[in-house]
Amino acid sequence: MDESIIRTLQEIVGPEHVLTDPEDLLLYAYDASIHAGRPDVVVFPESTEQVSRVMALAHAHHIPVIPRGGGTNLSGGSVAPQGGIVLTLSRMTKVREIDIPNQRAVVEAGLYNLTLQEILAPYGYLYAPDPASQKVSTLGGNVAENAGGPHCLKYGVTTNHVLGLEVVLYDGRVVQLGGKAFDTPGYDLVGLLVGSEGTLGVVTAVTVRLLHVPEAIKTLLAIFDDLDGASQAVSDIIAAGIVPATLEMMDQLMMRAVEEATHAGYPTDAEAVLIIELDGLKDDMEEIADRIAQICQRNRARAVQVARTAEERDKLWAGRRGAFGATGRIKPAYLVNDGTVPRTALPQVLRQVREIGQRYGLPIGNVFHAGDGNLHPLILFDPREEGILELVERAGAEIMRICVEAGGTITGEHGIGLEKIHGMPLIASPAAIQNMRWVKEAFDPVGLLNPGKVLPQTSEGVPA
Amino acid sequence: MDFKELLAPYMDEMLRCTRCGFCQAACPTYDALRMESAVARGKIQLLLSVLNGRLDLSPKLSYYVYRCLDCRLCQQTCLSGVHTDEIFEGARRWLAHVGALPAPLQALEQRVFASHNIAGEDNAHRTLWRENMNLEVPAGQPAEVVFFIGCVASLYPMVYSIPQAFVQVLQRAGVSFSALDGEEWCCGYPLISAGRDAGPLMEHNIAAVERLGARWLVTTCPSCYHTWKTIYPPTSFQVMHATELLAALIEEGRIRPAHPPTVRRAGDAAGPLRVTYHDPCDLGRKSGVYDAPRRVITALPGVELVEMSTHHALATCCGGGGNLESIDPELSAQIAGRRLAQAQRAKAEVLVTACQQCQRTLGMAARRQRVRMPVMDVAELLLSAMEEPA
Amino acid sequence: MNPEEMLTKVGRVLSPHQVITSDLCSACEVDGKRPAIVARPQDAGEVGELLALCSHEGWGVIPWGSGTQIGIGNIPRRYDAALDLGALDEIVDYDAANLTLTAGAGCTLRSLQELVEGKRQLLPLDPPAAERATLGGVVAANAFGPSRLRYGAARDIVLGLQVALTSGEVIDVGGKTVKNVAGYDLTKAFVGSYGTLGVITRVTCRLFPMPPERRWVLVGFDRAGDAFDFVQKVLDSVLLPTSLDLVQGRVVPNRSDVSLWGIISLEGTHEVIQRQYRDLGTMAGGAHARHVEQLADEEPEGQQVRRLVQDMPAVSPEPLVVRLYVPISAVGSLWSAVQHLEAEGQASLNLLARPGLGVLYLMAQARDAHLSTIASTLQALAGEMGGHAIIERIPPEHKVHLDVWGTPRSDWPLMQALKARFDPAGILSPGRFIGRL
């Protein structure tokens, strides 16, 4: 990259916040997926104004910009396959406003999700989306991926809780979309930006909706000796008109890794567990818990346990949140699909996933948001094995396909990024993809923001 | 020769890292810098790149590897159980071997070899800490207990108070002990943690202690403790940390704390003295000693032990760990400030630790930030709660 | 536009009985403008073909559901054809086990609600005039009612759409799962776009289990200040009301003479409802309430109350209806700020507040000459309080100098760019949206 551009970047953000050495570029060539792509320069702005100047510079010189938060996405979203500037928001962590009377908070994009929760806790409020990565994923990244989390079953995902965004456009213009009030007149640009994976604009600040902490919480662990029983129970609970706060499933392979990592108390001899949490008013919680226990028992649950203390509950959740990270105990790498299917299709789709694993000789672990039908089959492998990556990708593509065939979609929360770009034609017709391209052009006419992500090239087909 | 074979055995361990990034939340250095180069996931990717031939050795690479507190929070919290300690130890050994030690560490190494202490002073000055006390401290005499004082507490006036307090407590409890004075050499930890061997230092120290016929070696320094306990070859005597000895003395009734600790309190302070305890990494996470210091603190009258938001195995490092202070003193200070802020948020009146290095970094942070919170050693707090000898 | 010529061209797409001309088109007037034809396509394909034709000919076209929201918008720049979507009334897929429903845009909300209530499920959209409102219209307007507090608006409930584009193509966006991040969330672009980007032909919604019991709680206050104190307490509590509205005046029949009513709905099991009722009673007492009572939803009086809060903005006779939005804690001050209009004799007002949503409906009767001044004053007032105001109803002549959506903001060029790509010929409800897009 041109020296003069580097110098200008240094003037904008300060020399210590511009990295160009090969070591540093390697450090921003990966995320939590199996993809890589090395940028030409990494910058760390600390204000919206700096972001705006960086964008204007990139625009003037036609340089791609890849926004980055915590680098924890699972689809290759923050790597730089075409080089360019990685724009890391990790220094933009200011809390601009905690506005309890209006049940809103305005925070900068680099703030971790969990940090926001910790700030809100003393007020008795929370921000509902709780991705398992909340310790290290940023609100900007959550917005860009429309992140979900265990409690999104009851409360909805990021898009249901973000009301306003401060966005820097491709040419450096700063716009405010939405705000503290609902329904800003005009098109729902906030709704479009959420889930746009850094391809439409750089989010610098987020206005979120806060919810009151529920009066009571009850966490159940239902233990099953067969996977079918567990997935049928999920479907039956929902069909019975119960909407728990969470309805998570973990299978045996994942429980073993998790237990080794966290000693959370998961029964490693069982085939599967459901982590079911109820929240809300205390008055009927007991009764609902009983009904859930009955449904589980009808589906051959071995036991339904209740977390007796906050500590027990925290441990279960620490185990659940740590599950992806713990897979390193089984195999060095994983590819995680996150297709979503109608809940009634869960038993069948899980059987198909297992069958795919057997056919390819690949271990597949499952730990996922079952209540939303949002699968997370983790295909575990050792990248050093000859030809394995191709095998893994083929198995992944098959899983995407069966999710679509079951009436679902290829990704529920992890995004398309680079990883699932070949799968896009499975769920979007050429005309629908063309529509998305219009959106892209309206926001980023030159195509400088996170190029090569989300939208397949016109000629892109589905792999065989 | 690039000695990469020194790294190769860690390949499997490094591949276990799934790049989930959770170490960002644990790493105090990352918290301060917010750059991937600070965090375990990043360093592992760099080392893997070296092994895969995608990256060459460079001063920057070495700097990144050494810019580390070696506090092991990344390992403690890693879900895949990646042994970052082993990986980074291997990496440092490799770097030291190929002559890529950062300049401040090279200088440190030379000082230790030449003078047998980290300060580069005449080793005979190791007695300075006790010379301004009107107390006889036995040295070089046969004793049941040898007190291994450590370079920092012997030679840095700011923390003389730690051995001074400790020996007074020992004397009031009637413990027979001896110091080594100039026969005490650096335990070797700074060299080992830089990737070097410390064989000659270890041999000398073992011989010096054995000469006095001691059954116990006691240290106030957690790093010496950790080194003696886990890196030294087996010895004829047992190694214990000062806080373990103090807790035992209290429990045996040989020490009787008589009154609340005499420390400066704010004018409006009421109720029991709120004391928080900072777990030194070398004592807690790396050696498993969490309870002894807390048992001492809670044995004192009028004291309430309050925990900071991170404690025990998850305690945040004070910023003084590993080689960070040599490599980047400012960063070390910044991290200390954050730990101090945790103590403030816990509404502690006194910050107690059991390590001269933690005490220095945290004490300097308090001074810099004009925080009027005394930072002291467990032994000092205990001494202040004991009756003056008649 | 010559209707004969139009008819010939439309005749290539639709059969004659699907097209209405002449006086009969008066039913589809918008802001005093009458289309030359009203076309009634049978399926999405025909909608697409018509749109392609309109694009080609440059005819302005306005999609119609049942017209309950059609008044919202600026005066159409051009209006040649109305697109009556009433024939798209197919139930495509009612998947009760997965709590989703896919239905044609022309289905009335009421018919769908009756359908799912049969399986003890709920389609929780309760905009004004729900008996007539069509699913497509409600979604296109992101219309909502009191229960948005619990269930969200169309934006939150719609999972997927089928849309006919001005190119003639018909696309599916979103899907039938609650979570879906495959590509841009185009559903959000179309929901609330008031028929200016494409024509919604089919909608997939998420459904909810029918609560075991629903009740209304009426709380009467003498002073607005007391009522808003009460509201603030409720919103800052652990209680989970489904809706919370404040209405002014003697709107609840056969009740004591209070100046404001708090109207709250509660859902859930009997215990949960009664527990909340007790807590509400305590809070109301603390806020000097004069009257507290509960009504079962299924009783006639319960239904009456439901219709009152749901339909008020649609059925009130005033010539000016404004929907104001502010941050939620500002609704109380907004409520008192608008009172000066009445105090100064400029208008007589009828108010409905949804404090949990930050919404205030203002219905005003005033001298005709004053209406646009009042409307702009309200837009400015909401703006100062961190919100905005949409003029839902005002005689068309006042719209000439007034953007009913308020002044475009810095994000408007993006909207313009979107519109230019989705509707390059500018034929879909031309000029009606913000900034006369």
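In order of appearance the chains are A, B and C, and numbering begins at 1 in each one.
Methods note: a residue touches a chain if its C-beta (ideal position, glycine included) is under 8 Å from a C-beta of that chain, and two chains touch if they have at least 3 such contacts.
Quantities reported herein were computed from a predicted structural model and do not represent experimental measurements.
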Chain contact topology (line, ring, star, complete or other): line
Centroid-based (C-alpha) most distant chain relative to chain C: B
Central subunit by CA centre of mass proxy: A
Centre distance in Å when chain A and chain B are each reduced to the mean of their C-alpha atoms: 39
Interchain centroid distance [CA atoms averaged], chain A/chain C, Å: 32
Between chain C and chain B, distance of the C-alpha-averaged centres to the nearest whole Å: 65
Partner chain C, residues of chain A touching it in the complex: 99-104, 145-146, 148, 152, 156-157, 159-160, 169, 173-177, 179-192, 194-196, 200, 212-215, 235, 238-243, 280-281, 283-284, 287, 340-344, 369, 372-374, 407-416, 420, 423-424, 427-429, 431-433, 435-436, 438-443, 445, 454-455
Complex contact set, residues of chain A against chain B: 19, 21-24, 26-28, 30-32, 44, 70-72, 90-91, 110, 112, 114, 133, 135-136, 260-262, 322-329, 332-334, 382-384
Chain A-facing residues of chain B, complex: 12, 15-22, 24-25, 34-37, 42, 45-46, 49, 54-55, 58, 60-61, 64, 78-82
Footprint of chain A on chain C - complex, ascending: 95-100, 120, 142, 152-153, 155-156, 165, 167, 169-173, 175-189, 191-193, 197, 208-210, 232, 235-240, 268-269, 271-272, 275-276, 325-330, 357-359, 386-388, 390, 405-406, 408-412, 414-415, 417-418, 420-422, 433-435
